[in-house]
Each structure stands twice: as structure tokens, then as C-alpha cells.
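Here chain A shows up in two complexes: once beside chain B, once beside chain C.
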Partner chain A sequence: MSECGPAHAAPVPSSPPRPPTYRRLAAALTLGAAVRLVLQYVPAVAALRTAAQSSILTTTPLTRWSRLQEALYLYDRGLPLYDNALVHQPPLLLPLLSVIPASMHPLLLTIVDTAVAAGLATLARRQRELEPAAHAPIDADDDHAEPGPKIQGGGVAWTPAAVALAYLLNPLSILSCVAMDAGVIERGAMIAAAVFASGGDSIWASGAITVAFQMGFYPVALAPILALIQRRATQLSAFGVIPAVIISILMWNIIFYTFYTNVMELDGMAVLKATTGFVLSVPDLQPNLGIFWYLLTEVFDHFRGFFVMVFQLHPFVYLAPIIMRFGRETPIFCLTVYTGVLATLKAYPTVGDYALWLGLLPIYANTWKYFRYPFITANVAVYCAFLFPIMHALWTRFASGNANFFYALTLVLVLGATVLQADCLHAMHVRLHHAHAYAVDKMHAEVEESEEVGADQVVEGPGNGGGRG
Partner chain B sequence: MEQSRITKKYDLFPRTLGQVLNRFGVEALDLTMTQGRWMHDAWGWPVDGYAAPPGFDVRAWLRTERRNATTLDKDWVGLTNALSGLFCGSLNFLDGTNIASPALAYKDRQGSSLLDVLRHGRLAREAVCTENLTPWGKLLPCSTKAGLAAALNGYRLFDADYHSIQTLVSITCASKDSACTQQLTQRVVAVFNPLRQSNKPEWSFTSLMDRPLNRPACALAASSTLHVTIPDLPAGAFQLHPADHAAVMINNKQVATYVYLRHHSLDPASATQSLRCVRLVFDHPPTTDFSVSRYLTDAGQERGILAVDLTNHRQVGDRTAQYTDVLPWFVRAYLHTVAYTCYPQGHATPADGLVEGVWFQHGIDRQRPTVMEVQVTVPASHLCTLRVEYELANLQYAEFRPDAERGFEVGSGLVTLFLNGTRPARLPTAIDPKASDVVRIHADAVQVQLPVPDFSMPYNVITFTCTVLAFYFGTMFSLTLSRAVSYRIDETTKKPVVVKIDELVWHKDE
Partner chain C sequence: MLVSVDNHLLGHTRTNAARPSRPPPSHRRREHGPTTTMTRTIATILAVLAVTLVLALPSFASPPAANATAADDATNNWAVLVCTSRYWFNYRHVANTLSMYRTVKRLGIPDDQILLLLADDMACNPRNSRPASVINNAEDRLDLYGDTVEVDYRGYEVTVENFMRLLTDRMPEHTPRSKRLLTDEKSRILVFMTGHGGDEFLKFQDKEELGAQDLADAFAQMWEKRRYREVLFMVDTCQANTLYSRISAPNVVAVGSSAKDESSYSHHMDMNLGVSVIDRFTYANLEALESVHLASASASSPGGLNRTSSLADLFATYDPVKLASTPGVRSDLSKRPLESIPILDFFGASLTGAKVPRDEDRVVLEARLEVSPVPTVEKVARPTEEEVGESKAPRPVGPVKVGPASSWRAYLHAAALAGLVGIMSFVTLV
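And now, the complex of A and B:
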């Protein structure tokens, strides 16, 4: 895509400037959707579909599509939905899915994934206005540059279309969509909540995050971050917005559960235990990308409760420092960092969670030049991408490896995620600091210049006014 | 515990068993201890049409009047513990996680009322040994001191290709509210292979059981008879000693009958030790006109497909079959994947599946097994396959058995054939008239391998995981709670020694 090339030299004179990014965005979305539809419907790649839909890297017991199919089967026949160990998704998807024919379910997931990409593009665009601190100039070249994407000393900022394309062509997100992971819908709800919040729309943001909460529980921790985004969008005070968002989420939950108990005639406690209770108590120890499963397999029963409790409290601990440090000026950066925290530390992660985190990173592409360890991160990504499926197959299909091979890779993945998070945070620190230092220098220089000009008003020379550069 | 409807007479009925049944409100009980599988394709229909599944199998019909679910659970626990004490088997492992109450199967073996609830548990892995045979023998009126049971030799019995020790209690009531009586049937079914044991094409009672038939018959027995089925061959092809015997027709077959007398042994006494048949001639293998095969497909330790092949060999006449399967909780079967396809034998195009009903109870982790019952029609000369897909669970460290790599047994499924008056050829008449319209075939037991963690690693796993988490925590907190500070470097700044050396080495000032 040409968004990284030099800007046009002269503007088009006569017609009113039509925003070009929508056309490029539409092209990016179409390309991403086409790739997914090809992989989902072409018979030649049916083996890839079958492998992805049952792989433990792309699906978990919480989100596997076969479990949703079981829930649909039970729902269509009026049988109890949660009287089993299989269904862990909330019932809100079922009325919609039972109306759409089964052959169109992959199309639905493609549409949701494309909407995620469009949401990322919207976030990227809105971030320009909401977070001026992240785009403040860091030196004089930056200051005098024309607005728009350009390769500059400060690092290139990607267009919204490029952000969308980066997510859509990320093999992790493609695999997640082809695998018919219900997490695609959960991530769609998360991004929708972020987009609504960045537009100042508190009610729909809470509604969307409630949907994501019911599907996976962890998105509820994004509530304060969404409140801060909304605060920057609407200039309200934080003390009012955070409680308002939390109360809205509670209200939406009450609405949903009333719908379940009265309209769908389910037992609310059974729904709660099967969905949120399942994620919180982690009874299913199927291997995945995370670090919970092996520890909970090996730990003695006596200590299991303690470890589960600590592991579930752990991701929430990171909210406070991230918000304290970055929440005021750059709440969308908080969202990016916290998405990474969730992908690494949640109970049942998939590659789709990492795809969402990697999809949010290009919004801050102008900080990438300050990364210290990109080589390590890239290497870890490649190692993990190749070795995870191999080690799992060695353990469960070929009986020649054992669980430790796969478990070691999960540790490597967490270490790689640590390095990438460290890079992101450090890069943002440095960029903010450089921008702040430049702003301070510029202010000092302007003060000096105005003093000089004031002092030598009658004498004007060519060398004065050179406080810059 | 009230059992006033059941007459208590313990002259023949063993008191130990009777009191256990009375105490826990059990109306009917089937307890079988089996090793091996009845090979229908080699041996035909089992004796009395009743073959037991491998392992220990307990079915109890519990009275439900004035008892709620909690009391029934307590009584079941008490019953299994008492039976495990009585029969020296690990029946106390039949707690809630591996018992089922099938809705469709065993309807012909009810208790006295339709309100009785059936609880069925199976231990597929249990081995049968003398410890089980001896207490079983003690339940007999004369125990193993007299009668035919005296000839049961544990060494030889447990060497058989198939052996099953069965204790069956059934109940009959004269009318709805009158007194009921319980009947106890104790049965040993065994399949010996004389060629393997003695390498000679003949067998005698002594060569099979290594014990002579020289004990007197039990004094309490009303009759004590030996039946030997005469093969359907010309008279010169075999010899049966003693030659003078009564011959009766049972099940369209000629059967030689020897009456075991009370006070002395088999008459004529000289031939007791040589009840033998010389020159075994192999009959053409008896076949059944319905065969069942159960197997697992799909490789790997994560998931699989359980498939059951039902073949109706009859040329004309469909069969109605019920398939009942109890899968342990770690074999998570999916109801929406239950599929039934029928192929005419020899053809590849499927006919319409003919499923009359599916009764499915999903399992809940560590609480109850999956129970699947499917009623199907198997058309004549068709091979029908019933398939269900499952996922295997990952167990916790302590839930694996010693030798975890061996895997877990998934006990055999049950096929119940409804005869509807069309009895297969060569099917023996059942002793129990209520069971005459139903034939049970137990399918093969299968074994699943669950993915096994490394059992030497608990400490290491906790240490490594927590170290990695501490690294993550430390990195994140130090980067979010610290601020970037910059300071100017110009010519007056003091450089650290390391930087000076570095510049010297790499000539950075040039």
C-alpha cells in the first residue's frame, strides 16, 4: 500500500478534497475479508479448516465452535443448555445463530473480524485527536512537517487503513477466524466498546463490554480504561465517568440476565456458573498458550484454590500502574498495553488474543523506532509459531515428546511477551519524554527570542531569531 | 427398612445376601464378575442368551417408595460397600462418577414396580480371581462342599477363554400388592479350550476341571443334573462316556443328561472320572445372525470418534436394536455429532438412517458419566454404523492411575435386540421367561489414552511458572512506575570508565 510513500507534492486544485483514507480503508477491509472467505469456503483447504477448528492454539474449551454447535443443537430442541460440561458461552448468541443457517456462520465471523479491523482503523483515526501527547513533535523537522504519513525522523505513523490491513493480514487473526473461534465475537465486542467510548458513547460502550464480559469475563477489567477514553472524548471529569461506566455495566448485566431468565427461561445461576464461573475456577485443564494449565494440572489439590485465586487476581493488578502512568494523556495506549496483559495472563488464551494486541500496536507505530529488542521479539514469535504445533503433536499424537516440551514453549511465549511489553512501554516513555523535552526547549527558545527581540527592537539582523535548529 | 412384601425364608436363600438386599431396599440385583468377552462370531449365542460384559458389573433396582434421592444415594453407597465386602471386589469405587440410570435398557428386568429406579455401575478394569469365587461359592446352600460346585476349580476356571461368575436376584410378585419372592440365580459361565489346555482333541471333566466328580450331590438340591450337548454329527465321529445316558431335546439340540445323585456320585460310579468326549470334531462355527463391533477411530489423545457397527445378517426381516453406552466423564461426547448410517452389505451407497429415538444425558466433569441410548432399526442385510464424536479431558495430577500411560477402559456398550417373536436360530431358551423376548450383546470394551503430564514436575512447574510471572510483574511495574529522566551530555560530563574503554577500543573519538 502506498501509505508509506512520500506525500503528493501539490494538492489537487479544483474538486473539494475527498478523504482518501476511506477508499483505502474499504480496499483493506475487502482484501482482508476476501482472504478469510477464501480460506473458509474453498474446498481445497478443508484440511486447514478442520485442523484449525480443533487446534488448541486457536480454540479453547471456552470458545470452541463445536461447543457452540452443541449449544445450538440443544437450544433448537428446547433441551437444557448448561446441564453438561461442554457449553460455556452465554445464551445471547444463540437466538442469532439459530436464525442464520449453519453454512453462513463462517461468513458471520468474517464480518465480525472485518468489523474489528474497521474498529481498529477508527481508533487509529480518533487517536490523532484524542491523544495529542502521543503525536507531539519531538524535534524541529517533526514540527514543520506537513500532516500526513511520511517517513520522518520521529517514526512513521500509520494510516488507519494500514492499521486495519496489519490486523487483517496477520496470520494469527486469519487463523483465528478460520478456526471459528467464538473469541472473534468477544474481541469484536471489545473493540466496539473502545470505539463507542472514543466517540463519547457511554451506554453502548458498556453494553458492548458487557457482551465481551459474558463471553470471557476478563474484558470487564477494561471498564476503567474505556471510561478514561470516553473522558478524553467528552472532556468530562474522571471521577464522574468511571463510576458511570461501572454502573452501566451492572445495568446491562441485569438486562441480559433478565432476558435469560424470563424470555429464554434459563436458570440464571446455571448460566453464571457455566460461563463466568468456568473461567474463574478453571476446571478444564486442556493445554493452551497460557501458563495456567500445567501449573493447575501439577499442583496438589490442597493448594489449587490458592493458585487459582492468585492467578485470577493477577491481571487486575496491572490496571492501576498502567492507568496511573498513561491514563491521563494516552488512554488508548493503556488499552493497547492491557490487551497485551490479558493475552498473556488470561486463563484460556488463544492466538486471536495476541492478534488483537498486535493489531492495536500499529496505532503507536511512531514509537517503534525506540524499541530496544525487536530482534528478540521477532525471533520468539517465529520460534513459537513453528514449535507450538510441533510440540503439541509430539505430545498427543506421536507419543514421542512429553508435556514439558509444550510447556517450555508457553514460558518462552510469556518471556517474549514481556520483552515486547517492555519495549512498548519504554518506547512510549521515551517518545513522550522527547516530545516533552522538545516542547520545553521550544518554549525556552521562544522566551529567549522574545526577550532578544524585545531587547533589540530597533536593531534587526539576519542572525537573530535563530533560536531554532 | 420395611420389606414386608418380600417373604424372608433363609433355608436356601443365603442370609448374608438377603439381609444386605433388605437393608438397602434392593428388589433385584445383577452382579457379574467376568473376564474376557463372549465372542459371538466364534461361539454363537451365549448360554441362556446372557453374556456379561468384562469386568465387574452391578445393576440394582432400588425401591423408591418413601425414599428421596439423598436416601437412595446413601443406600447405594451402603449397598456397594456391603457387596464389595461380600464378594471381595472393589465395588466401593462405584460412586456417583461412574454409575448411570439408563432410561431404556433393562426394562425387562424390572423390580416389582415401575417406580423402582435402576442404578448401574461397571468397573471394566477389575480382574476376577479366587477371592471372588470363594465367597460366591459360600452363598450356595451346600457351599462348595457338595454338588456340582465342588467341581469348580479356580485354577482351571480362571484359565478359561471366557469366564463369568454371576449372581442374579430377581423378584416376582403374584399380584400387585401381594407378597413377592426373590429368586437367586448363581451361574458360572466359562468357555474352555481343551486343545490349548491338554493338546488333545478330547476332553473329560477331569481334564477340564482337574477335579473328579466324586462328591455327592447337595442334599438340599431338588435336582442335580449334568447336560452335555451332543454335537450334530454322525455317531462314529465322537464318543461320549458314559455311553448310557438319557437323551432329551433342549433347544432343538440333542442333550445328554446325567443325573447327579444325592448320596453317591454320578451313576454309574465307574465312569465318573471319565465323563469325556473323544475325538473332538469341529462343528462349523456357530454364528449369530446379528453381530456388533465397537471401536475407536481418529488418532491422537485429544479427541476421537466412537463407532459401533451393527450388522444384520438376516436376508429378510429388520431388527430393532437399542444401543446403550455409559462413557466416563473424561470422554466428553457431543450430542450433535451422533450419526447413524446404514449401508447394504456389499454396497457403498448409504441408505436412510433409521433412528427411532436418542436419549442422551451429558456427563458433568467429576460428577456423572455420559449416558447415551439410541434406538435404531437395522434393516436386513445391512451394516449400520452409529458414530459419536468425543473429546478427551485432561486430568489432574492425582487423578491418573499408576501406569498412567496405559489409559482408561471405556466399558463395553450394550446392544439390546428386540426379537418380537422372531428368534434367531440356535438361540438358547432363557431360563427366565421374562427375558425371552430380548437378547443382549455386549460390544467390545475399548481403551482411551489421555494426554499424560510429566509426573516428576510439580515443584519445577510451579517454580518456573512463578519465576516467569515474577519477571513479567517486575518488568511491567518498573516500566510503569518509573519515569524517564534525561540529562544532557556535553564535554564537561564525566564519562564512566567502561565508556572510556569502549571508546578507546573502537576509536569512537576519531
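And now, the complex of A and C:
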């Protein structure tokens, strides 16, 4: 607005654009991996390892590593894998875990966690190109900012390396890795699927999300979001990618199940019942971070099916509204939001699910200034972080509290997470609104300018700045 | 040149032409006149009634009347022996029940088919000067308790609810078989109850009462559910005859120890124990039944019963003077007259050896040795190990022999997975 004459394009850099350096990212990944390896292998912290590996906050009956070890034992001896009520992981992991010696399993998990961080960094970098609407300038200062890969928010300039570091140094994700939670692999598959989708590859994206789906059931909800990410990446115009991804996931499932029944000689029905059937019917009511177990211990058997059905439908009802509102322009934001929805509302959550969600949040750091309740959210996070282990110990170890203490905290956690979700959605909505308002103002201003200048003078439309469609 | 701002940012403006117009709703519904509505209502009610009748039809069919012509139609015998009294001074009721238990066991009812309900434990009562034993005769050394007594309901489990549930078999699925009356339509059941009773009630545990109507309802249910062929219902309490007054189910013979407003008395007391050890009515029954030998057709004592005696003979041995009460019998519901019901039909097993006829026309053959000229070795076609294993991995049965860990399977599967990945990359590239 302040300049006259034809609008300039973005400031032309003096030198040809530098290839992106990965030095900072490599440093961040190395630091994160080093922290994890130290905690996993140094004998001095063995007590932390034991505590984490048996804690119900970091592991669940679905993902506990001891159950995977049981499965490995049975698998190595050719015994039936799912005749017990212990093993709930798909047989897909077992060949790989069996080939890799057991002492290197923590290293494997560290590598996967580091890959998750690298995937987050990749998503952050690609998001810059894929979601211009999320980076549309909201005022004149923003308009002239250097379009680097940095996102300003919370007083920090978030580069992809910073995003990776934030995830890697998050104590929740470190705990999750030290606790040998199989969910680390599940989250790795989820992020791999997102990275593949953002690169335009739908077959590997659906393959990765199928692996995540078989490990826990909920990642299947991300299928439409991945389709939309892929759509933005490849600039396909139709929403028909959603059925295409769902069909691809079906195809991958058929491939995997054929592999189980023919090559691994397992009973496909037993695998399905033990993995997906376990998550869907929630038979194991060990306490965890989630809200299923307490309610399902109290419900009468006659109504159990109804309650379980409603609880399982719940995470999926938010899919349509979020996609309708944010799916077209900002599907990676949908992914961020939905990771949070799943972490809160799934049947067997762990701290790692929350860690992944918190790791995706910095990608949208430029919306943080529109948060309405950061104080509440921060306090709830601190309360829960301290009180969860205390209340669990009061209940189980000292017998001076009861289950209600712990259950109350799960409710508080869900409340805080929901407040944060609402804040994220609101902040993104407000930012988009501001960006749109700025674009419209700019457009009107330039129309007036062109009218002032004269009808003959062809004005190059302000196609370079402003809201890019 | 306008900047192409996305529609959703502008608030989803759509052209009206895109929306299809609604058809006018005027001709959607016909007006129904009052007569058609009435017809419709009547037709619906009739249809509902017809459907209900058709569905309810099977319940109108009465259960087939039991033809009591052949006494061999019943195939099994059960006994439900109930003592409903608690506390040391009701020792005699436990002794009554244990005496009947011993008698029916002796005469052939298997222990699995006897349900013994004792409301209190006299044998291990601290006041019992003969610990771990229960007697029914002061001059006797017979220990009724012993080592082979199987009490199915003990102590506080003997309640009216449990008794009713036992009779009607309305029990949770996990109830053990020893606590259930698993009778069928070919069963004969002896139900013996003793304790304190009154006018149309029987007291359980000093806490609750079983009413005569409830008992009658239980028998009616049992008949509807075809849970018995015949029942002999014996009661030894005060005013016992009132307890069976309301039974209406068929094939029930009932006998009680005393009439309305009469008490049933104990027989004698043991001076060492300090309590009465048997009741007069049960004592009379034991006198009659203990003279029955399964082995011989004659009675052990003159004037006693033998194995071919009938219920009428048993009831005829009751002497109201000795009992000091008037025993009552109810046989109006029974299809067979009392004279033709052997006592072993209820107190022993139905199928005694006497009822199975001897193979009189048996042909005696000589032993012959069949020798085939050429011994042929028959090849039994058995599925080979490979054939079985190919279809599906065999499920190990029983304790599984855990062999050593072998990793070739893991390498094979990992290689297969790698091959899968390779194929999929090929597909994506092409």
C-alpha cells in the first residue's frame, strides 16, 4: 500500500537461492538420539528404565514391550501367537524384531523416534510450500518478511530443526522411548505416512498408515487427511483422492493379511481379533491416561456394547467438520488437530501420543498469538505432569488414595487438551480471517490505486503478494 | 485482474441457480376420510391380534399327560433332603435329614443325585460331645456323618431362595452341577423337608419362611418345565399336612407328619448330648425302611417292609398313637394308586435289577475260531504329516513342547517382507 507504481514481486535475493542446509537438523537429531541412547543404555539409570517400562502412563496393554517380547518368544519357536490374551500387536513387526538382536531393540526405537523428528522437520519444511494460506501475511510488516523456512511464534523463530529438537527434547517423548513403547513405531508409521503424502506419494502413504492402523486402530482416521495432503502436494483438484486412499489402505490390508495367512501361516481371523478387535472392544481395563477404563468398569454388561460403540465413534465424528473447515487449504493443520483428538479420545493413550501432538504444534507457531487460554493449558499440563504419578502411587502403592484421584486427573487432562484443541482451531481460524481481511483490503487498495492512476495504465495485478489461492 | 481469493474465505457465496427448486408440496398427501381411518384401525388391531395368537399358540398346548401305565418309564431317581433348622437344640432335624440321606443312599440313589441341604453343622458344633459325628439313636453307635457324607448346601446357603431356585433350576450359568437339581421328565424325586413349621409355612434358619403356596408354585413350574415324572413330598414338622395343601401339579404324592394345630414330637433324647436326636415321624419311617433289604425279598423283621412293598404299606406302618400326631397323605394328584407304587421307586433307584428281565431265551453257542486262509495286512490310510501340516499350522494340544528358538523363519519372513517392499516400489515407479 505504501509504495507506488507497479507492485514489486517478493524481494529478489541477491544470490541464487541456497540449497537448504541440513546441518542444524542433523545436530538436533544427533542430540535427541544421544539423549535417548544415554537413558536407554547407561546402567546408572536402570531404575528409570524399569519404572518407565512398567508405568501405565507410558505403556498400555496394547503397546507394552514385554508383550512384544512374549510374541517374539512364541514366534521364534513357531508357537501360536494369539492364543493368549497378551499379544495385541500385528505380526508384521516380528520378523524384523526377531532378526535384530534384543540388545539392539532400544537402539531401533531410538532410530524410529529420531526418524519421527526428521519427519516432523520435513513436514514443517514442506508445509511452507503446501499451505500458503497458513502463511498468508496478516499485515504489511508480515508482507515484507523474508520468506524463509522460519515461523515466528511464541517468541521463537521455528525452523524445521527447531521443530525436530522440540519433539526430541520433549520429556514425554523421551519417556515414551525409554519405556520401550511400541507406540513409538506406530507414531513413526503415522509420520512416515504424512511425509509420503506431502511428497505426493499415495501408495507408500497408505502403506505406512496401514502399518499404523494395524498396530492401533485409530490412525485409519487420518486417511482422508493424508489424501488431502497428497492432493495439495500433487495439485489434484478433486476430492476423489479420499476414496482412492481408502481403497489403497484396503489393498494394503489385504496384502498384509495375505502375507500373514500364507507366508507366516497364521489365522487371519485370530490376528484381526487380537489386534483391531482388542482396540475396538476394549476388554482390558487397566488404568491409563485415557477416559475409557473407568467408565467401562462401571457400566452394566447389558449396556457395555452401546457405550463402547459410542466411545469408539467419538474420535471419528470430528473428522468431517475439521476437514470441511481446514481440509482444503491446510490439511497438515488437520493432521495436527487430529493427532490431538486421537491422543485424547483413543482407547489406550500414552504420553507418547501427546508428545507427537505437541511436536506437530510448532509448525503452526504463527497462530499461537491468537490463543485465548494459554495460562489454563500450561497450568493443566504442569498439574498433570506432576500429579499423575503421585496419584497413581497414592492409589496403588500407598493405598491412601483411590481410583477416583487418578480418574479425576484423566478428566483434567482431557479438559486441558480440549481447551488447547479449541484454542488451536480458534487461533488458526482467526489467523486465516486476518489474512483474508488483509488480502481483501490490499486488493481493494490496489483497485483504487489503479483507478486513480488511470484506465490506460495496465496495472500488474498484485499477484505476487497477498493471499495466494 | 482480480486476485483469485478462494471462495471459502469470502463466505461461501453460491449462485442460486445451482440449487434445485423444490416441488410444491400440495399434492404429497391424500386426505383420508373418517371411514377409511376406522377401517385401517380395525384392520391393524385384527392383524396384531392374529399375529399374537399365532405366536402364542404353542403355549396353549398343554403338556402331554404323563401316562403312568408303565412304571419303567422313569429312568432316574433324585432326592432333595432339606434340614431348615439352625442351632444346637435342633440337632434332631439334622439327624432326620442325615438318616434319610443314609437310607436312600443305601437303597440305591447315587450320591450325585442326592441334594443334601443342612442349615447348620452339628457334627462340628463345639457343644457336640461326640465331635465329628451325628447320631440318631442314643443306644446306637451308628455315625450318620462319617466320611462319605456330601453336603451340597451348607449353613447359610440353605435359604428359601436357594431352595426354590434349586427346584425350578433358575440358577446362574456358573452354578456347579452338584448344587443343581438336574432332573428331566423321566425323573422321580423324593423331597424330604424337616424343621420347624406351622400353618402353611416352614421356617428356614429362624429368619424366613417358605409358604405352602410358594411350594405349590415351584412344583407347578417344575411340571411345566418337565422336570419330573413323579414326586414324593415328605414333611416332618409341626402342622406339616398344611404345607402340602396347595400343591396342584400332577403326579405328586405328599405325606406329612402332623395335621393342622398339631405338633410333631421328637422321639427320644440322648443324655450325653443333651438334645433330642430324632423325631418320631422320621423314626417311624426309618423303622420301616431300614428293614428293607435290596438283596432279599423278605423283610428283616416280621411285619416290616421288603423291597417290593408299596407306599401304601409304608404309610400303613405309621401309628398315630406312637407318633402323637396324625400323619396325612395326599394322593389325589397321583396317577397311580399308592398300592401300586413301590417304595423303591422313590427311596431307591428306579431301575433295580428286579425290573430288568432276565434273558431267558438266551442261546448257548460253542466257541469257534475264525481263521482266514491268507493273513492280509490292511493298509490304513492315514493322512501323512506333510498333508496335515500344509493345510494350516497344527495347533498344539496339551502341554506344548517348547523347542529351541530358530531364526530361519524370521529371516524368511523378513526376506518376504523385503520382497513385498520391492514389488511395491516397482509398482510406484511404474
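The rule is short, and it goes like this: the second predicted complex is superposed on the first by the 422 of 469 C-alpha atoms of A that agree within 3 Å, B and C clash if a C-alpha of one lies under 4 Å from a C-alpha of the other, contacts with A are read in each partner's own complex, and residues count from 1 in each chain.
Assume a contact is a pair of C-beta atoms (placed from the backbone, for glycine too) under 8 Å apart; a residue touches a chain by one contact, two chains touch by 3 or more.
Quick caveat: nothing in here was measured; it's all calculated off a predicted structure.
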Partners on chain A (chain B, chain C) - clash or fit: clash
First, second, both or neither for A:F371, with chain B first and chain C second: neither
Touched partner set for A:W65, first chain B, second chain C, both or neither: neither
First, second, both or neither for A:Y75, with chain B first and chain C second: second
Chain B versus chain C as contact partner of A:V440, first or second or both or neither: second
More chain A residues in contact - chain B or chain C: B
Touched partner set for A:Y318, first chain B, second chain C, both or neither: first
Chain B versus chain C as contact partner of A:E265, first or second or both or neither: second
Contacts of A:Y218 with chain B and chain C, given as first, second, both or neither: neither
Partner chain in contact with A:I291 - chain B first, chain C second, else both or neither: first
Offending stretch of chain B which, after superposing on A, collides with chain C (from 24-32, 42-50, 60-68 or 78-86): 78-86
Residues of chain A at both interfaces, chain B in one complex, chain C in the other: 73, 83, 432
Residues of chain A that touch chain B when the two form their complex: 54, 56, 66, 69-70, 72-74, 83-86, 283-287, 291, 293-301, 307, 314, 317-318, 321-322, 324-326, 341, 344-345, 395-397, 399, 402-404, 407, 411, 414-415, 417-418, 421-422, 425-426, 429-430, 432-433, 437
Chain C-facing residues of chain A, complex: 73, 75-80, 83, 92, 94-96, 98-99, 133, 201, 203-204, 207, 255, 259, 263-267, 328-329, 432, 436, 439-440, 443, 447, 459-463, 466-467, 469
Of all residues in chain B, those that touch chain A in their complex: 299-303, 329, 332, 334-337, 362-365, 393-398, 451-454, 457-458, 461-462, 464-465, 468-469, 471-473, 475-477, 479-481, 483-484, 486
Touching residues (chain side chain C, partner chain A) in the complex: 1-6, 8-10, 392-393, 395-396, 400, 402-407, 409-414, 416-417, 420, 424, 427-428
